[in-house]
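Per-chain residue numbering starts at 1, and chain names A, B, C, D and E are given in the order in which the chains are listed.
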């Protein structure tokens, strides 16, 4: 059965323009869709192929490309197969349609992506903050948010110099680390804006 | 009885009650610990707790009534202790009686309710509403039991009750003469002490210990004292009604500890009921038992 | 002119003053002084309370050839004392800021004063009636005076008081009919309206006559008293009367029914004879009927009160329930029971009136008596709170207040007579009362102070002092119940009932002096223990445990609606099954009847038609309730 | 770091008073109520410490539900900024003497979340910490050992760091404002409390408390007012 | 946080009021909050409030080496950490095509199931405590500690083992380990009847939990419920069987289900699962001596390991339900994106809010616990 699963999906998606289907593993199928046809793809998957379970929605920030990638992971209890539908939406303004009316779990994932990436989902029931209710900074999961830099700027990394260490240092011992040499500095990481 | 004698008794009786009550608190925790395969607290733990709570630097109060509530809760029990006879000391037990005592035992709860009420915390208020409901529930079988005992021995006077039972020996004990009432009374005791499955008004997982929610320092300490009095009073009252009171302190202490140990042991083996389930249960079995016991008593 | 005459004249004078200048600013004070004069005259009659012979009025007018006689005995004096003190204190209460406020709200203060005074006069006339004829005259006066007080508050009560009053007068007319019937039977049997002749004649009566006489009397009096099943009129009628008027009515007015029953059970027919009328031979006699009616009257209205969300209605329903204890005691028939029942009259008046007044004080300051719109007022109205606290402890019947003593006597009486079921019903009533009054206190004074009540002020002294005076009666007679028991014993003697053997501290093995003493001692010990800790630090109510959250004024952090939700999950269905259904039937029928009566009344032969309509409605009502 | 060293319990000259003080300290040490607040992942090692195997109750330690009832605040692991606000509120609501135990490395310096934007790093900047128990996570034995150490400190009258919060409130408030913004406030009145306990020190008020007082609506306790009192004031 | 408004003008009548379950509340599992509005004791509405345990794992992982993240992942779900390690390792192995030695697979299964037993023992105590019965939690936590002892022996850590790494496990089992595990399983099996007497057959407990917090199968599917909570509605879905990983397809075990979907059913499912896990462990113990070979595939220098470009969505069955990792590598020394799909994220927010609404105050904590949501997993 496993090997056969890929084909029905590709047949199913034959009518949808611009949706490509690719088998990645025993029970994994990757679909590349467009923002326009994704709702149709999902509806087909749910309605015709029994993909009832929205396992997750993943968001990836392709900052260099100026795009967000949204991945909808669907599972079919009947086929025992997992489909990941990928789309890319422009990073600005970062707005997409909600699939809440198809999959109720999307409510949580869209809310999560909204606060972590700032992507707004039209039609989602609740886009209020959930985790970061007391966070005023930019959406932190965006690649251009420098968490380490923020930490350096916010918290005082004063030297750890308790009295006993001061005594030792006065006697010429101990290891004094200068702030710029401390490990808590920002290292260059690919894709990060400094 | 001379006045000096009486005054000494008035001081001594609450004091004894407090000490024995603390020992009962310890017993509660020890029983729990043993059932849960633990060692449990050291011998003087309840005393440490009370002293520590009274010595807290911060004593958060929500107003005069909050403070007065604790005073009433503790004070009313001090008064109650002088109304229950113990071996060698009758205090002023002859001036009251079973019915007075049953009603007087609501006064500490009322005092506590006032104090909690001013804390302005709905958790506490829900706890109060549940405590009141529990009182309505268990007092009905309990008052039936009181009626039955009073009818059985033709008196409501606790001193006479003890005298009658001691004069006749074990055969005239309430528990022998009317075991049905005794069982119903034990049921009522479980609910009166507010232990599982009737622990609805503390219910930490639901209302965060209900009435105790805003109590800290000496307020909580007062509640500890009150609870120790409550255990003691319940034990003594039951012993007086059904176990012939105390011939001497040795047997008396054994009796009251055994009486209190029963509900405390049961407590660790059950979850709590929902309020309406509790009311239903308490209005069913204990009431039926007590009514049957009444029939026996009246015959 | 005997002292009784002076008293009656004084009372008439008070009424006259009230009706002429009652709406003046100083009228309240003047009237309070006049009531105080009545009170002094009653004090002059105090020997009655200690076993003196009845005082007879010099004025004995004849009516249709029959003489109207007024004579005050110990029982009448006892009730009159309560009446006059209640009238005095509620008038005092209304004399200051409350009266002004009432007038500003558009109330007719003069009419209210007049109505209260009329009630006092009518009740004095009734309580000092010396034969059946004067009894009837007094009875009618009391009914209509009460009606006046009930219906005059139409605008302020939002139009509720009118229908409530009409319902009352329907019931009252039925009662009057019954009394008339009793009079007819009595006159037929004894040939006169004198009590003594009737007492003699009762022995010669045939069984059915005696039964119908008892039933006719009982019907008249139980309706006024609001016993089951004739209790439905009372709560709304009292609750929506203007404040002090409602307090007066709730405190004493309906107790004239008990006075009447006491006469019947005591001197006129005798509880022994009533117990002799066996319905199921060996099992159930007429006295048992009274006792069971009383016990059910304790339980059902109390649990109706538990469901009320309006403080006034809650109290009014409790007033009905408390009547059950009085009748239960009276019907028990022995010295303890009747003593407890009679003592409960004073006790009830002493806490019901301040409770009503406290609720009206809260209303005066906050504008509402809806328990869901109040809360936390203890910080703003501490003395009113104190009054209510003492009141509810008395009402709930917990030591050391006086309510406990009278209930205790009733309990012991039931215990000695071996009545476990009645006993437990009485206990259930007490427990229900505890629940209900705690809800009243909690929802009004405890919990979170609502933001719109932050600036509320304590009630003025003109309202506080009368309340505190009455509350002090609760405490004093609770500590030393012997003070009242003396009067009760005299009343028992006057009625020919067994006399209660009592001391200053109480009776039947109870010594409240000691109990109060050890309570004070206990509180002192508790205070010492409390003070042994560090000084407490007061915090604001927002500095509170909320699961770690920050509380603000936007949080609704007060539990008041559905206060006994858990209990109601269990017993809530019982209300729906039996009680509210019956109530709605009666309300609907009474409304219909009132409307019809109103229509008829506007026709020509008004009186006749009104009578007809009332009779019809009464018959229909009886049928409706009975089925 | 410690600008204002705390005095150890002053020895009173009256021997009876000394015995009394020692008794109280002994009871405080032998009866520690800890708050039932699982702030972080270290909380997973508390149930073993409390339950049958390690049985904290034999040392007189038992969990309590609300801050009012508790003596010890166990910060079990990293505190996110959102939690830290609640922790501070909870700490201020607890009755002194109160003790804070920082469990897990994260409370010491942020631990393995040192670069996380969501967690606060050094707990003792925001609250006075009595004992740190390092480890990720410390074993129940270590937790109990830490509690025993605290017991010893209390018994000796040295565990006074709760006074530091009153004496140096401005410093703690500074760190709190730095993290939570200038609008930060709690419904408690620390300065008033410091005055009450005679713990008002030079560091109690300062620049940051001024900022606090500018926007704080002081929550005066609801005093019972009689008729006459209000009349006068209004 | 709300603006600190201490000066509202008036209050609506208090027909409804608010209660905060958590973050500091014994009725909440961990540092999480549920704000409920109540009328009487009936919940009118509920609002889940998370983020108290937010550490920004996904952000942190983007900033650390592939191998460093192994230390980070178990912290995402504290009571049941092994599935996190295994799932993350599986994802990397999937991307890089590492072949895990057979012995390592069996060892992973052993750990996974022991971890599941530990989590379930923890859960029983928690569920019982919400209904006011504390003895099971004392027993359960103590018995769980025996499992932690074995983990400590295996890995050196009681709670966080960090024993699974991409390519296998860190080292082989110590001498006599299997015998000790076997003895532990014997002990646990012997204890089960005692748990039955105390908890699962306790009539008061049954009365409290039966018929409370019901989800039917349709709702469960629509709301994305997984794991034991889904199986309690009668649908026997288990990632171990339906999307098998490691060697689960070679094992003989059943998927216990219940039909009623109430709190009671959820507890019973977990109780039966505990037995099944013991069964699996016994099979592993029986098979392991015969499976030789290494326990770890050779991996490049972990400090300079650039996992090849690729993505993987890997799922395992944790004790709470379907746990999935989406891992994306752009060929760098650090992951470009790691997305953790915890089962609790569904259960503790939408499902909890819906189930609590209309229920009773008494049952709020019980429903929360019976869903066995793990707040750190929600907050990440």
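Keep in mind that, in the parts below, contacts are C-beta pairs under 8 Å (C-beta built on N, C-alpha and C of every residue); 3 or more make two chains touch, one makes a residue touch a chain.
These figures come from a predicted structure and were not determined experimentally.
S.K.: Spell out the chains that contact chain C while also contacting chain E.
M.R.: B, D
S.K.: Provide the labels of all chains in contact with chain C and in contact with chain D.
M.R.: B, E
S.K.: Among the chains, which one keeps its Cα centre farthest from the Cα centre of chain B?
M.R.: Comparing chain centres, A lies farthest from chain B.
S.K.: Would you mind checking which chain's mean C-alpha position lies nearest the centre of all protein C-alpha atoms?
M.R.: Given all protein C-alpha atoms shown, the central chain works out to be B.
S.K.: For this structure, which two chains share the highest number of contact pairs?
M.R.: So the pair of chains linked by the most contacts is B-C.
S.K.: Measuring between Cα centroids, which chain is at the maximum distance from chain D?
M.R.: In terms of C-alpha centroids, the chain at the greatest distance from chain D is C.
S.K.: Taking the mean of the CA coordinates per chain, how far is chain A from chain E in Å?
M.R.: 22
S.K.: Just curious, how far off is chain E from chain D if you go by their C-alpha centres, in Å?
M.R.: 32
S.K.: Please tell me the distance, in whole Å, between the geometric centres of chain B and chain E computed from their C-alpha atoms.
M.R.: 43
S.K.: Compute the distance, rounded to whole Å, between the mean C-alpha positions of chain A and chain B.
M.R.: The computed centroid separation for chain A versus chain B comes out at 59 Å.
S.K.: What parts of chain C, by residue number, touch at least two of the other chains?
M.R.: In chain C, 376, 378-379, 382, 449, 537-539, 541-543, 545-550, 557-560, 565-566, 569 touch at least two other chains.
S.K.: Two-or-more-chain contact residues of chain B, please, as numbers and ranges.
M.R.: 36-38, 53, 55-60, 62-64, 122-123, 126, 204, 208, 213-214, 217, 274-275
S.K.: Quick check: what residues of chain E touch more than one other chain, meaning two or more?
M.R.: Each of 1, 4, 6-7, 17-19, 23-26, 41, 51, 54, 56, 59-60, 63, 138-139, 142, 379 in chain E touches at least two other chains.
S.K.: Which chain pairs here would you call touching?
M.R.: Those chain pairs satisfying the definition are A-D, A-E, B-C, B-D, B-E, C-D, C-E, D-E.
S.K.: Which chain B residues qualify as touching chain D in the complex?
M.R.: Touch residues, chain B against chain D: 29, 33, 36-42, 44-45, 47-49, 51-53, 55-60, 62-64, 204, 208-209, 212-217, 220.
S.K.: So in the complex, the part of chain A that touches chain E is made up of which residues?
M.R.: 25, 27-28, 52-56, 58-61, 71, 73, 75, 77, 80, 82, 84, 103-105, 107-108, 112, 116, 130-134, 140-141, 145, 147-148, 189-191
S.K.: Quick one: in the complex, what on chain E touches chain B?
M.R.: 17-19, 25-27, 41, 128-135, 138-139, 142, 198, 202, 204-205, 207-208, 360-362, 364-366
S.K.: Would you mind writing out the residues of chain B in touch with chain E in their complex?
M.R.: Chain B reaches chain E through residues 32, 35-38, 122-123, 126, 196-197, 199, 203-208, 268-275, 277.
S.K.: Which residues of chain B touch chain C once you look at their complex with the stated criterion?
M.R.: Interface residues on the chain B side: 10, 14, 53-65, 67, 70-80, 82-83, 92, 94-97, 99-100, 103-104, 106-107, 110, 113-114, 117-123, 125-126, 128-130, 132-133, 135-136, 139-140, 143-144, 147-148, 150-151, 156-157, 200, 208, 213-214, 217-218, 221-222, 225, 274-276, 279-280, 291, 294, 298.
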